[in-house]
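Some structures are shown below for you to check.
What follows is chain A paired twice: with chain B in the first complex and chain C in the second.
And now, the complex of A and B:
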């Protein structure tokens, strides 16, 4: 076997099946099983990362036909730079998360067999890798369903709670509605490519070569986009995300949010840019507008949450929105033939894809560590964790800064690139776009600001202050494998933030094949690796490295000024305004922090706020206790999902009236049917 | 005898089958109903034999004998035993009153003549005129199943329907292949046994043979 990227990728997939077999062989020793299984998974993921990086840097495309599958349609595999990039994303985060899982799974307790987690965890990664490698509709859909099925069982891991089963069911339903739409889209494309007489149309190669009429191309695109949007959690198809992510084990949430949603992004890019090829501008506008809605609404919903993992799940909606903004802009620019701008927007979207995988993976790992230590998901029951878990606090802070798009970390780079795509946009011929582009830039800015506010809340409420809960458990710092997993993710957040040119140069290859133009960010100059210059240096450029140096210098000066002179910092009691009865409840908490934003954007939510005073018997002016109850609900559930569910039940109830249990009635049904059919046919 | 006369005889027998079907619709006593059913079987078996003679298909004679033994002797005997065992002495209970059912039956006959007219114009078989009668018999059998309350009358309705189908098969295509007819005959016999067992069970479960009682089996939503 010759060593090539695709062979390496296949080898890593085969290697991922080994832990599944290990579960059958060594069941009696959970410790050995856990360490071996997750080490192997980490190694295999790392290999697929290498395979992806190799493809991306060499720019070659490997193809392979496996002798399995249908007789007329064996599995076609293909590893081009685009697939290589996503292979890299999946491999890298799966590598970190697998290391993390060595420690994390230990804490899940002995109630449930961990073999179930190991089996589906590995099959889940296999599914994602196969989706990316697939080069025909059949193998793509098989891998897609494999991924959905495995993740369903992972969501259902703690299946003794009703809400977990409900969340898993909701996830499965939406995943299958999406898969059905994708199946139909591929069917349309195959039918246009070669007709339905043979199976050749189902390979992506023949779809690439086919020319689509505008109507059929639109049908295929709308179906495919709907299907992938259901998986990616684009508003209004996002409802499963905040249900499924919190109940899954945290290492699984990290993978689901970090990379599984990205397979949907991969699907959108693959279908629009690669398979369909040319498109009208309004497709891009559709993607852009839905991306903007998801970004703004996602972050607003996130702000209202006080469940740590649910909040992160809503942030996934926001970040998918930001990625889609980049991709939508790329589509708009491509259809107007501004190829360099399209390359910039596409690179921004893809860069954010990798970044989101890194920092969201990191944040979910951190949240897993916190939830594991405190046995609590409600932020208002936490506080002051920085004293007990300093390592986790630092890594979590890195994730918070990255997701808030602050320099010098990676989130800033990709959001900055997206902004550049907005701001450097040439005047577009469509009048609607002249309106949407500046509005989009403004909404993206709003999103960034709200995300920053949200993560001030998350970090502040969880790690700072005092413990807010009632009875405080003994909190340990996390074990070393978990720390290493989070540390690696934090390091890559920093590296992607300070040396973005390396990755942008690699992504140039994808941009060239997809939109037909390169960006050439580092064409000339001696220190060109330091400066990220999308267009001309006089327009805009950014150097993460210099920003980092600036930050380090500022912090050092501040440290020198305040810490070296002893006696300048004193620790004392909190000033209590003379009240003298301060307790742990008298702190800022998640609900109070988000209150101003709730007041401003309250009309987006279904809010029910109840305040009840318990007056003292002797004097009603001095209440004994105050009860505050807040419920914030997603309006989309009431707007879209509830009517559909109610309609389904209503129709079923009406149909149920046919079933009266009377034999005569059933006989009359068949009698009338026969008579009508005879009368109509003859 | 010439073919012409035989054809007339066959049409006459078919008319008698239809007449017995109406007689079944009109009949109020279960014992008499079984007798009418016997007569229908007899006419059917003679008609089959005549068709066999006209078309020179020898296996139709066997079918004829099979029909005679099953539908004139065995099934009426089984039904009779059932009536005695289940102590059914009452009249036939109907949902729609009898004149109304007769009118519906007449409507069905007209409908089936209307339906089979294009077939009769195309067909070259001399038995083609009986096809509409056969179709009418099937529909009247179904009508009987719908309008009767007691399970046993529904069984008879079902068997009458089967008679109609048999007549349709002989008149439209000079009979099915013999293997198929054997199979059908066996099916009918087994159906009769199953109905018998079933009726016993219905009777013991609900203390009645009224199928309206079976609505209690339905799950509540």
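And now, the complex of A and C:
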């Protein structure tokens, strides 16, 4: 067997089945099982990362036909730069998370066997890798369902709680509605490819070569986009995300939020740019508008949360929105044949895909460490963790800065590239778009600033200040495997932020195959790796590396000058303007922190706020207690989902009336059916 | 005619920002005193304040973490880094391609992020209140800043500050309606980012109106000195940012020594006039209620958007 990227990827997939077998072999010793299984998973993920990187850097496309599956319908596999990039994303985060899991899974307790987690964890990664490698509709959908099924069981891991079962069910329902739409989309494309004559159209190759009439292309696109949007959590199809991500074990949430949502992004890029090829501008506008709505609404909903993992789940909605903004812009530019601008927008979107995988994986791993230490998901019951968990605090802070799009970390690079793409939109020939699209940039700026506000809240309430809860458990720092997993993710956040040119150069290969143009950021000059210049150098440039070095140098000089000269620091009590009766309940918490924003953007939510005072009988002016109750709900649930659910129940109740349990009624039904059928036939 | 090295100009700019920012604040305070019929403490009073704070010892709350101790240094370092990039006396800077205007705004946002965290670190009600309000105001300002930048970058065909300043400075000084609207929006941004009235009052310790002061309430000694100096530079740099984007005429384009001296002179005059404008606004209107700011900042956003629209329609 020759060593090639695709063979390496397949080898890693095969290797991922080994831990599954291990579960059957060494059930008696959970320690050995845990360490071996997750080390193997980490190794296999690393191999798939290498395979992806290899494909991306060499730019070659590998193909393979596996004689499995239905007769005459073999599995086609293909590894092109686009697939290579997503393989890289999945492999890299799965590598970090697997290392983290070696320590994390220990903390899940001995109540239930961990073999179930190990089996579905590995199958889940296998599913994601297969989705990316698939090159025909059949294997794609099988892998897609594999991924959805495995993640369903992972969400259901702690199945003794009602809310977990409910969340998993909701996830399964929406995943399948989405999968149905994708199936139909592929059906349309395969049918058109062969003129509805035979089954040969199911390969992606024949779809690529087919020419689609505008109507059929639109039908296929709308169906596929709907299906993938359901998986990605685009508003209004996002409701499963904040339910399913919090209840899954945190290593699984990291993978689901960090990379599973990305397979949907992969699907969108694959279907639009690669399989359908040419499209009208309004497809891009649709993606752009939904991306903007998801970004703004996602971050606003996140701000309202005080459950740490739910908040992070809503941030996934936001970041998927940001990725879709890049892809939507790329689609608009492509449809007007501005290929260089399309390359910039596409690279911005894909860059954010990797960035989001890194920082969201990191944040969910950090949240897992916090939840594990405090046994609490409600941020308002935490506080001051930075003193007990110094390592976790640093890594979590890196994640917070990255997701808030602040330089010099990675989240900023992709948002900056997206802004540059926005700034180029006025050269579009359509006057309406010239005027409307820049407003999108303002919404993106709003999103970034709100995200920063949200993560000041998250870090400030969770890690800073004093403990806010009632009874305080003994909190320890996490174990080494967890720390290493988080550290690697944090380091990649920093590296992607300060030396972005390496990845942008790699992404150029994808841009060339998808939109037919390159950026050539590192065209000439020495030290060109330091400067990110997406278009002409005089238009805009950014060097995260120099910014970081500059900050480090000035901080060191200031420290040397001012601290070492007189380094005396006296520790005392809190001053607080001389107010003496300060206690820990007076600290700001998650609910009070977001109060100004809740008041300004309150009309987006369904808010019910109740305040009740318990007066003292002797002197009513001094109340004994105050009860404050706040409920913030997603409006989309009431607008879209509730009516659908009620209608479904209503219809089934009406149908239920047919079933009276009396045999003669059923006989009459059969008789009437036969008469009707005969009448139709005759 | 001697040509100055770009490295020298860059160093010169850092020195100018470090030295002139306190004088600029002194100028604002002096004008404010005069306009209110008080006698002022002089232009150099901020220097004396900083010097006094530097010799004082630090009293740190017992539960302060490293974030609290790191923040002053970051708040001080960000404006220093920014002064390497913003064309203040010359557009011929060594490191101006390091960051464009979007990066600069984001760098200041990083400093704000840490200031807000430091406010929450001690666990007082004031600190949290300041952090919460500051982040809310910042998120409403951001769209206005971006639309103003958008308009400027449309006219200058770049987001690189040195390039924008160079293009505008070599054009005929005419009033372009788009830039006028953008400049109005940016003026509001300067007031917000500088923490001036009507958004925030730098000289108050009244709990209902504090924003920036509430976050740094627990600081003392050299930490406070660094933060104060940092925020002075921040105000000054936002003003020079406005100058570079909207009225760059007179700025040196080469390293020519007389040109630079002239450019420095012009810069002092422009910054002085803008300072007078800030004081005019500060004495003219009262501080706004926190939730009235939505309309104020929404107005700035509207102005910037109008600027962009008028660029497409008129130019």
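Points to keep in mind about this one:
Note that in this section the second predicted complex is superposed on the first by the 633 of 682 C-alpha atoms of A that agree within 3 Å, B and C clash if a C-alpha of one lies under 4 Å from a C-alpha of the other, contacts with A are read in each partner's own complex, and residues count from 1 in each chain.
The working rule: a residue touches a chain if its C-beta (ideal position, glycine included) is under 8 Å from a C-beta of that chain, and two chains touch if they have at least 3 such contacts.
What you are looking at is a predicted structure, and each value in this text was computed from that prediction instead of being measured.
Of the two partner chains placed by the overlay, only chain B lies in contact with A:667; chain C stays clear of it.
More residues of chain A lie in contact with C than with the other chain of the pair chain B and chain C. In the superposition on chain A, A:378 makes contact with neither chain B nor chain C. Within the superposed three-chain model, A:57 lies out of touch with both chain B and chain C [touch as defined at top]. Looking at the shared chain after the overlay, A:39 reaches neither chain B nor chain C. Look at A:456: by the touch rule set out above, it reaches chain C but stays clear of chain B. Contact with chain C, but none with chain B, is seen for A:541 once the two complexes are overlaid on the shared chain. When the two complexes are overlaid on their common chain A, residue A:194 makes contact with neither chain B nor chain C.
Taken together, the chain B residues at the contact with chain A in this complex read 95, 111, 115, 118, 139, 142-143, 145-147, 154, 211-212, 214-218, 221.
Of all residues in chain A, only 383-384, 386-387, 393, 397, 401, 404-407, 412, 416, 419-420, 422-423, 426, 431, 434-435, 438-439, 441-446, 448-450, 452-453, 455-457, 459-461, 464-466, 531, 533, 537-543, 546-547, 550-551, 554-555, 558-559, 562-563, 566, 568-577, 582, 584, 586-588, 592-597, 599-600 touch chain C in the complex they form.
Here chain C touches chain A in the complex through residues 54, 57-63, 65-67, 73-74, 76-78, 80-81, 84, 95, 97-100, 102-103, 106-107, 109-110, 112-113, 116-117, 119-129, 131-133, 135-136, 138-143, 145-147, 150, 153-154, 157-160, 163, 205, 207, 217-218, 222, 225-226, 290-291, 294, 301, 305, 308-309, 312, going by the rule given at the top.
Interface residues of chain A, counted against chain B in their complex, comprise 653, 656, 659-664, 667-668, 670-671, 674-675, 678-679, 682.
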